[in-house]
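Here come two complexes built around chain A, the first alongside chain B, the second alongside chain C.
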Partner chain A sequence: MFRPFEWQDLIPLAQGAWLTIQLCAVSGILGVIFGLILGIARTSPSRIARWISTIYISCVRGIPVLVIIFFVFFGIPLLFPGLEPDKFASAVIALTCFAAAYVAEIVRGSIEAVAKGQSEAADALGLNYWRKLTYVILPQAVKIMVPPGIGFLIGLVKDSSLVTVTGLLELTHAGNIVTNLTGDPIKTFLVVAGMYFVICYGISRLGRLYEKRTGVHVDPLKLPEPAGI
Partner chain B sequence: MIFVENLNKKFGPNHVLKGIDCHIREREVVCVIGPSGSGKSTFLRCMNGLETISSGSIVINKHRLDDSKTNINLVRQEAGMVFQHFNLFPHLKVIDNVMLAPLKVAKTSKEEARAKAEMLLTKVGLAEKMDTFPGNLSGGQMQRVAIARALAMDPKIMLFDEPTSALDPEIVGEVLAVMKDLANEGMTMVVVTHEMGFAREVADRVIFMDQGRIVEEGTPEEIFSSPQHGRTQGFLSKVL
Partner chain C sequence: MALYFGDLLPYSSLLLEGLWTALYITLVAMLAGSALGVLVYLGKVGPGKPLSILCTCYIEAIRNTPLLVQLYLIYFALPALGINLEPVWAAVIGLTLNNAAYTAEIYRAGFESVPHGLREAGKALGMKPGQIVRYIILLPATRNVFPALTNQLILLFLASSIGSIISLPELTNAIMSVSNTTYRTIEVLAVGGLLYLGVSALMSLASKRAETTLFRWAVGTHV
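Now for the complex of A and B:
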């Protein structure tokens, strides 16, 4: 009943890889947008904003990704009758919720890593909170948040394999199906692993490109610029 | 111009300023001296709201700093501040450091802000450094840019928080020269400093602070030549 692993089996795997890329690109971009908002709220002078963002971030970071995926996939149709997002949309929602919380912490850390004197100098010039954030703090914080952000994005690609449980035909799920057809998990999952590796390696190369263009080292261990400049 | 009455500042259980009373007149240059931890920097930082006041009052140009209805950013536009560690914005060119507040706070036109910044940078002797980034400047140059940046908002008062303490001794002079020019132009200045020579030469009045209080104040002549208080005498005998 099994047939050997053939070249044509690469086609569903490549399609799965493409879906994984789309999934991670969409939820990564949305995660960065919401993460920025949450991270800024986390450091804002408004107590309510800090409070809401802190609760959200702590909750999401205290829940396994798989549980978030199940919750969104099964929960949304029950909580909002009539609303039945397709598998791709469910996966995007789940991964975005997850990514936003982690990106928010990276954003918060980067904002706090900008030397305190920068904030004081902006205050002393009469810049209000939003101008200070826009023209002084964020331009410096963005440089600090890129290295850990790249690291998180790579993690997101790997964690995205968990949405296989919803039946979405992403790379891991495609691997499973091909295994069932060929009975050759070793070859199949070697190819799957290789495809994940290529995607992740591509992202880390993007980080290196950024490093070359800006002189910022994409190295999570690098300390921020010393105070006093 | 600046009226400080019974100013108290506490950091938790630390009582840093214990009832400061002080009146600074227009065009006056006041130097605040004293040992580390005497509260002189905190006193200065209270004057533009970088530190909140625990009790007492500060009035700057008719703005009450202890009134929550006061728009602190308006007060800050009238009181420029220069920091010990310069705090230039490293991601902006020198000229953009100087132009930022006029463009974004005062909403000046770009041409006007640029002309003003060029004028100020020429004044502090750094016209040729306009398009470099702060990271490529020496400490003395950075501090002169910081002075130009603070002047760009046309402040009526300039506050200096140990402006030369982070500088190599041989470049302290270039910063003090710029400050002396400012004083001669009639700027109202409050300078927290360890440069006794500068205080003696430029100040109209010297305030000696210790342990959160103003111990003694007077003309430089009075303070440096015949200090009345024992703690002033002790401090000056060590630093002069």
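Now for the complex of A and C:
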């Protein structure tokens, strides 16, 4: 009934891995854009902006990614009849919603980690809020954001495995299908785990390289924990 | 589309039972995992070279692969070796092994954050080795590690939802089965999401409270 796990079974797994990388790249970039906006709003002088972003961030951080994925996948066609995003689009929307909240916390932490004297000096020079932010605070904060951002990206890759529940053919789902064909879950999922390891470990090496090059090192206990288990 | 929550009332006990399962799996995995994490951390920093390499490999392997794949390996691959596990046991073992790797790294960061000079200062003050370990290494390290550990508890609680994929009857599983019987998908996801949100908010509030009462001695100091 089953055939043994052979080398050609690596092809669907590699295709799945490629889809996982695409998924994480798109939702990572969108997540960083929305996360920057949310994180700046979270530290802005406007009370309304602070409230809205705080509510969004705490709601998303308090709900499992899996529930967010179900909400987007089943909820969008019900809430907006006629709008039926395909599997990839729903996965991107769900992971972006989730990523934005976690990136926003990293942005907030990094903005707050910039020495207070910098902000006071900008005030003393008479810079307005936006100039202070774009010329003084953000250029310094961006450097601090990178190491926890790398940690978050690894979390995103791992959490993207949950999209398997929507039936999108990413790496984990490809693993399921190959298991059903070969009846060999041990080899299949060890290969799947190995592929995730290569992606995640590669990203973390890049992060180490950045820390070495720039000398920026952030105490892992002082910043919001990256998401993803 | 009109929202109607009345259809969910007969299923409220199912949802609460799911929440209870999620909570207790989280607590068991947190306790067992943070104890195992101490061993993994000690093995990593200990003098035995092969053990240290083994512990490092364990930590890196767990931290760089998704929990879902780890659960699949436990739930689908172990039966191929003749070990059949109930979903509850698979989830508890998976979350415990996963949590151990993360807590080991938290301990490492916590102990490394205590500067060496403090130990030397303790020695210079004439403290006994036991006193140095207790007051100068363990107490500040515990204080440094505490927020990260409680954060890990919340992450673990949220991660327990992944158990639903291996048919563990916890909250997310209950949400999806109520959604399939009542077709009130949006409503049940909203209620379930609020349950998760409420519990994780309570956990974070409780941990802040605990932090201020447990470590009152450390207010204003930073080690």
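Before moving on, here are some points about what is shown:
Definition applied: the second predicted complex is superposed on the first by the 216 of 229 C-alpha atoms of A that agree within 3 Å, B and C clash if a C-alpha of one lies under 4 Å from a C-alpha of the other, contacts with A are read in each partner's own complex, and residues count from 1 in each chain.
Operating definition for what follows: a residue touches a chain if its C-beta (ideal position, glycine included) is under 8 Å from a C-beta of that chain, and two chains touch if they have at least 3 such contacts.
Because the structure is predicted, anything quoted here is derived from the model rather than measured.
Of the two partner chains placed by superposition, only chain C is touched by A:Pro81; chain B is not. Once chain A of one complex is fitted onto chain A of the other, the partner contacts of A:Ile52 are absent, as it touches neither chain B nor chain C. When the two structures are aligned on the shared chain, A:Ala89 is found in touch with neither chain B nor chain C.
Of the two partner chains, chain C is the only one that A:Asp184 touches; chain B does not reach it. Shared-chain residue A:Ala14: touches no atom of chain B or chain C. For chain A, the partner that touches more of its residues is C, with chain B and chain C as the two candidates. Using the contact criterion defined above for the overlaid structures, shared-chain residue A:Ala193 touches chain C, although it does not reach chain B. Of the residues of chain A, those at positions 225, 227, 229 touch chain B in one of the two structures and chain C in the other.
On the side of chain A, the complex with chain C involves touching residues 58-59, 61-67, 70-71, 74-75, 78-79, 81, 154, 157-159, 161-162, 164-165, 172, 175, 179, 184-186, 189-190, 192-193, 196-197, 200-201, 204, 219-221, 225, 227, 229. Against chain A, in their complex, chain B makes its touches with residues 48-50, 73-74, 76-77, 80-81, 83, 85-91, 100-101, 104-105, 134-135, 142, 146, 149-150, 153, 166. Against chain A, the residues of chain C that register as touching in their complex are 1, 60-61, 63-70, 72-73, 76-77, 80-81, 98, 102, 105-106, 109-110, 113, 144-145, 147-148, 151-152, 154-156, 158-162, 164-165, 172, 175-176, 179, 185-186, 189, 192-193, 196-197, 200-201. In the complex of the two chains, the chain A residues touching chain B come out as 115, 117-118, 120-128, 131, 135-136, 139-140, 143, 225, 227-229.
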